[in-house]
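Could you have a look at this structure, given as structure tokens, before my questions?
As written, the chains take the letters A, B, C, D, E, F, G and H, and residue 1 is the first residue of each chain.
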Amino acid sequence: RARTMTTDSSSPNPIEAAFSGYADYLNQLNDKRERVVKASRDITINSKKVIFEVHRISKHNKEKVLEKANKNLAAVVDQHISRLVKELNGTDFWKLRRAYSPGIQEYVEAATFYNFCRTGSLLTLDEMNAALLPLSDPFSKPLKINVLDYLLGLADLTGELMRLAIVRLSDGELEFAGKICRFAQEIHRHMTVLAPNMDGDTDMTFKMDTMLQSVMKIENACYTVHVRGSENIPLLGSMDPSYPMMLPDLE
Amino acid sequence: RARTMTTDSSSPNPIEAAFSGYADYLNQLNDKRERVVKASRDITINSKKVIFEVHRISKHNKEKVLEKANKNLAAVVDQHISRLVKELNGTDFWKLRRAYSPGIQEYVEAATFYNFCRTGSLLTLDEMNAALLPLSDPFSKPLKINVLDYLLGLADLTGELMRLAIVRLSDGELEFAGKICRFAQEIHRHMTVLAPNMDGDTDMTFKMDTMLQSVMKIENACYTVHVRGSENIPLLGSMDPSYPMMLPDLE
Amino acid sequence: ALMDKQFEAFRQHLEESGSLRDRFRAVATQIEATNRNINSFLLLIHQSRPMPEVLEKVNSEIDVLKRLFNQLAEIARECPGQYYRYHGNWKSETQAVVSLLAFLHWLETGTLLGHAEAEQKLGLDKSEFRIDVEDYLIGICFMANDLPRYVVNRVTAGDYDCPRKVMKFLTDLHAAFRMLNLRNDFLRKKFDGMKYDQRKVEEVYYDVKIRGLAVDGDTMVEGTEGQQ
Amino acid sequence: ALMDKQFEAFRQHLEESGSLRDRFRAVATQIEATNRNINSFLLLIHQSRPMPEVLEKVNSEIDVLKRLFNQLAEIARECPGQYYRYHGNWKSETQAVVSLLAFLHWLETGTLLGHAEAEQKLGLDKSEFRIDVEDYLIGICFMANDLPRYVVNRVTAGDYDCPRKVMKFLTDLHAAFRMLNLRNDFLRKKFDGMKYDQRKVEEVYYDVKIRGLAVDGDTMVEGTEGQQ
Amino acid sequence: ALMDKQFEAFRQHLEESGSLRDRFRAVATQIEATNRNINSFLLLIHQSRPMPEVLEKVNSEIDVLKRLFNQLAEIARECPGQYYRYHGNWKSETQAVVSLLAFLHWLETGTLLGHAEAEQKLGLDKSEFRIDVEDYLIGICFMANDLPRYVVNRVTAGDYDCPRKVMKFLTDLHAAFRMLNLRNDFLRKKFDGMKYDQRKVEEVYYDVKIRGLAVDGDTMVEGTEGQQ
Amino acid sequence: ALMDKQFEAFRQHLEESGSLRDRFRAVATQIEATNRNINSFLLLIHQSRPMPEVLEKVNSEIDVLKRLFNQLAEIARECPGQYYRYHGNWKSETQAVVSLLAFLHWLETGTLLGHAEAEQKLGLDKSEFRIDVEDYLIGICFMANDLPRYVVNRVTAGDYDCPRKVMKFLTDLHAAFRMLNLRNDFLRKKFDGMKYDQRKVEEVYYDVKIRGLAVDGDTMVEGTEGQQ
Amino acid sequence: ALMDKQFEAFRQHLEESGSLRDRFRAVATQIEATNRNINSFLLLIHQSRPMPEVLEKVNSEIDVLKRLFNQLAEIARECPGQYYRYHGNWKSETQAVVSLLAFLHWLETGTLLGHAEAEQKLGLDKSEFRIDVEDYLIGICFMANDLPRYVVNRVTAGDYDCPRKVMKFLTDLHAAFRMLNLRNDFLRKKFDGMKYDQRKVEEVYYDVKIRGLAVDGDTMVEGTEGQQ
Amino acid sequence: ALMDKQFEAFRQHLEESGSLRDRFRAVATQIEATNRNINSFLLLIHQSRPMPEVLEKVNSEIDVLKRLFNQLAEIARECPGQYYRYHGNWKSETQAVVSLLAFLHWLETGTLLGHAEAEQKLGLDKSEFRIDVEDYLIGICFMANDLPRYVVNRVTAGDYDCPRKVMKFLTDLHAAFRMLNLRNDFLRKKFDGMKYDQRKVEEVYYDVKIRGLAVDGDTMVEGTEGQQ
């Protein structure tokens, strides 16, 4: 809503014509940014919900939980990422990146988290982008998650892996926890090399530190359970000495 | 209020006897510190009031304002500093210094501020301490304001001098303002040499900075009035050209 | 292995973008040096050195700027659609360029340098590489920051009409900026600061006027004009 | 199950308070935008545009403010007794509103806008939702900061009586503030700064007076006027 | 004079609010001291002293707390609707109170102290002065932090059924917290830490179980109980 | 001139106090170095080296400490009544000394080193120069911080009775500290931290006990004692 | 003119030193990148990947380091006597290099990499360009910081003898460092932190030992050895 | 043993460098004290005390500086080629020395103190120990920071020609600095700040000139100037 205001109606402000153009430009840009931010927030909230859901996984409900998470993940794409695609319309991917980046990062976190629980492997950027392809109309440049957002999302993933590992260990799933541990170690290891090159993103130093903390928390948890489980129990002669690991039966 | 609490009534805690002594010691010390802090707060509040009063000075009410300030300053000594003297009772001047130092600093600020307005010179530490002498009974060591607190109080004085100078200038008292300016400059100059030696007081670096700001504010104010007052007013032929300075008549 | 492969690809990608960034930075550093040169010539204006002499020196530096922006544009062509990915590398330098060009333009014409004119002066009018609108606007604000000093020095040198002209220009500029719906960002902060520039210039105008030095000749004693 | 029920209640509680916060912020953002509008109209005063024209424009915006404060009050009614829980969300915007209203009021009446009057202008006089006293006082300080610029521009435009009136107003205001035992840091800081506004206005008054421009006509030698 | 009168009113207002703050702080300091007393009695629990003896000592201190919260409530009655203006003065002390009461309650009943029950224990059930929900929740988190130590010492003292009970309680509590959509930073942080308390208790439970010490007697091989 | 004279006196005064401070610091630095030596010998304890060998080495260093504290006392005699003016210069070093002496004493006697005993060990019992009570207490807290590590290493070396003894000592110590009415200062913070040391030692005791390694012989399986 | 001449000399001086700094930085940046590569290979150790595979990857990177340090040395030859003028440009990178080399060396030999050995590995043994002693020592401290994590992961992988070996190494290293009279600087801070690494490793050793997992075969039950 | 031998060598190395550092610091501390003295004399200039009196006091202190820099040079001779290793110990003190000497020199001659002249004044002209060029330049910037205050006080004392002279000096100095290609470091930051000093001095010159006080005779209207 550009206001017209002349200093003096008799001598029109000569600068004004040019500025009404700038005003239009900025208004449109700001409106679009506002819509993109809102879409990003919705993506964040709903991706977080998917993550919460996946955390409910256990040996007994794996299929059910993952199925539901998958559906909700698809809903994030259909209902919210699609809005981004429409707004950005094949351009402004980089200009408005800061407006949608938080949402995309959270989506990467959710999708890779889900995928790891389903397949045990890392969902790649190409796979993710392939899944987004149908959203774009064939005539404009398709929305692609960029490498930076993908990596920033992965960096957060280790935090979720840590929480998952600790809960899974309580639940006796030692083998799964070991798998999580190695997966998190690998991601951290690869990120170590990439971190300083990420377009001068200053967050990354901080995120690397958090990642290392998370990885070490997983390692320590695995260690505790391993050591505990390997203990000789001399007092309990009745126990089967070959009994490998007690935890699974705790449940 | 020491509580007695044994781990087990049958085997008395051997450490306890010693600790009940420590408890008494700490309780008495803390109570005394509490009382000293309270006295210090009262000294601060009432010294601030004296400073406020002195700020009301003008050419016309000088005697009246100063008389009242003097009386209130004496009341600070009689009613509140006397409490300090009683508590400290010739000892603990340094142990509890942090508890009373703020009050004493503010008192130094008030007393030197008052004295400058009365005599135009600096009230010395010896003069101040001589005035406190009657408070102490003849058998114990008299309370003496220490050099550090005196200097810290002086450091704050320049802030009050700045406020005074700006108001006096508005009131046309150029000569008085000039006097304030030189007085503040001298204090700042002397403090420059002493600042780093003050028992490692880290406040002092900060206070020096504030002092310099205050002095420069006085200098700038004097400058503005001087430059303004020296102006030729070519358009106003009717004015008496020998008219030296206009401000005094503004009032 | 798949993971390794993907991360290897990322490594390459990031190295390429790192190298682009370095190249952009290298040009931006040269732009900044050129800005410093231009600025040092413009300072002569404050010292009331004859304008033509100054302008001549400046113009050759502007040719340098043109060449440098052309280089930026060329590098940008290597990464189509990623202007805004690397924008941070030349942003503040470009704002400074706009500020200098706009000051020069105002000296020469007394009017505001438009966005398109700025691009044209840098030889970007036919390029895909443009000046971001916000950078242009921020540059204009920077330019306004320099006007009070200019006015003070002009009056010292005896040019008593300058405050009125600058005041008029700043008033118009401020009014124009108010048409924009600014977000709570750097541009808004710069714009909010413009009022201090206005204030200082108004005070100089006041000094000149109350002393009857204003060129329009009306002294204040008789002056019942002023009312507009 | 009991535990679940209780935690379900907590969930609702936390969501409600979060949503209240968001709603307060949304209104506050609109208040800020309206403040900017009003401010841009008031700037015309500095350019000596006829007061009635300006006031008309301003008044319609004040209706907007009224409506917005009414909204704040309505939301606050949903959480009785929790004004201060959410106060931080509209605090600084309200201070700016007070500043603008007080300036307007001074222009119209030459007197200080009272706390109750401010509430009345915003239609809050019958509401439970009031303006916090400290916010009111800080707003008044902000208003004082704008007076020197106003005086300079009025004198430039030939209104030589303005400095005397503003000086009187600021002197009274400063004296009144001195009655407060300020402990609040920010308010104290704003108040200390008021002295500089006074000084600048005094300087303009001196300039006007020494040149015999003061409206009351009395030269300085005999001058016992100044009292209004 | 009108101005003076108004400012005189402001002076009083500001002095009163300062004095209220001081009075709230004074009571809060006493609450903190009482908390320390209660805590020192509760430590006897870790040393396996007979519960009744401990509870007796604690209960008289809880009467002190009641009296102190009653004082808070009384002061708050002097400034109706301003609970949250002064809330920061008793916030953390209240969280500690909740933590202690909840631990006691769990010892006595094995269940979670509800929000309303906490208020009741402090004699606030009929008061207008309530415990803020977030303070209650944070207090509960603090209480959970103390449970691992309790369990370790109970087992050392030969109480092999304790880990199971605590584990059950923590599991339920954690599940209940998961229902909340936490946005508050501090509360979220405290909640996240609860997982570690759970894990430590689980480890002790495991130790007890694997050695066939669990009171229910079932060894682990056959043990299918434990299912909650 | 009077001002000059006074400030000249201040300069001298401050120079003298500065020089005293330097001398105190110089001794304190040596105390710190000696502490490091003692500490490095005490580390051998963690490695289960024979006690007599360790004690011999330590004792000669304690003679050094004695000499250094004697120096402090001598310097302090030059500025009677100003112990607390310069106290900050040897405070933390003295706390560390107390911590080391108390650990040694505990190793030798199993009891807490008293305040007077500490002064005696440093040859201060007839001096006017004493150890400040708070420094003594803080030193004791530091000593408690080192006990968990000691217990861990002792158990590793096969000394299974150590946890019980240390736990008993810490429990008594903690109870004694609770008799003090601590202000909100460093001592309070250190004391509050002591509970983490207790917790760690309790956990080691738990480990030993649940594995039937505790010296008192009662395994946990048969152990129905302990039940309260 | 004199001023100009002098400043012309300054310009040259600053450009030369600036260019040297840039060249040193460029090499240091490459060293950092190589460090990152080496580190990413060494991280495989934590995943219990076979040592030979890891070492092979690392060794080719060490050749890169050699080349880079040779470049540093060459640049340094251009400014004899100014090693410490530019030292800040490669200091922290060199510390990291030492840390990596020392870890590798320990893995291969179980001994501490000496200062001369480190220089030799980097091909600096015949160069004038050496590794600053403090950088070497700080690098060793960094290496010690990584050992607790290594021990934890080794035990998880079933290597129960690792804690003992690492504990022995750290104890010796700590003893050696204690021979140094460290000033109150960064090195001292890093060294003081080493005791936390020791403590953590001791706790792991404790865990392994008390559970009868230690390789030396003595379980704790029968184990009456260890007694001093 | 090998480890011990190596660490014994490190111990010696660190002790030597530590002792050099201490000796450098001790001299630097004295330089700082002397600087404070000189500064306190130079502050008299702001009070318009007669120059000769001030200079006399200062000169004896400069002899002290000479002696102290000679000591620095001597210590530096003990560690050839390591000037920059220890440079941090006297850097900022030397910058302050340059600033004071340059201000004095300007007072006496109205010209800029050259780098060589500064060294000569400190008796370093034949020494190997020189003043680092950047320290010299930073010192000059510090000196420029003090000029606005000097100008203000001179004008107050009635010296209306001072602003013009200082403005000229600062303009030349600024122009000279612009010849340097400054990197993005501390010196650049100080240099960038110099424009605020210029601006302030220009404003003083403006004040003096617009009021017809400037000495050069041209008043602004028809110029009956010169009156002070």
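Remarks
Following the convention adopted for this analysis, contacts are C-beta pairs under 8 Å (C-beta built on N, C-alpha and C of every residue); 3 or more make two chains touch, one makes a residue touch a chain.
Predicted model only: the values in this text are computed from it and were never measured.
Judged by shared residue numbers over all numbers used at their interface, chain C and chain D contact each other through mostly different positions, with under half in common. In this entry, B-F is the pair from B-D, B-H or B-F that repeats the interface of A-C, since more than half of their contact pairs coincide by residue number. Across the assembly, the mean Cα position most removed from that of chain H is the one of E. Averaging C-alpha coordinates per chain and comparing to chain F, the farthest chain turns out to be C. Centre-to-centre separation between chain D and chain F, using Cα means, comes to 60 Å.
One inter-chain figure worth recording: chain E and chain G are separated by 47 Å, centre to centre, where each centre is the mean of the chain's CA atoms.
Inter-chain spacing, taken between the CA centroids of chain A and chain D, is 46 Å. In this assembly, the C-alpha centroid of chain A lies 35 Å from the C-alpha centroid of chain E. Within chain B, contacts with two or more other chains are made by residues 3, 5, 7, 186, 190, 193, 228, 235-236. For chain F, the set of residues touching two or more other chains reads 171, 178, 211-212, 220-221.
Considering their complex, residues 1-8, 13-16, 18-20, 22-23, 25-27, 30, 91-95, 97, 121-122, 124-126, 141, 147, 151, 186, 190, 193-194, 197-200 of chain A touch chain C. Those residues of chain F that touch chain G in the complex are listed here as 33, 36, 40, 43, 46-51, 149, 152-153, 155-160, 204, 207-208, 211-213.
Only residues 2-4, 6-8, 10-11, 13-15, 18, 21, 80-87, 112, 114-115, 133-134, 137, 172-173, 176-177, 179-183 of chain H touch chain G when the two sit together in their complex. Taken in their complex, chain D has these residues touching chain B: 178, 195, 198-199, 202-203, 205-207, 209-212, 219-221, 223. Note for the complex: chain B touches chain D at residues 52, 163, 166-167, 169-170, 221, 224, 228, 233, 235-236, 238-240, 246-247, 249-250.
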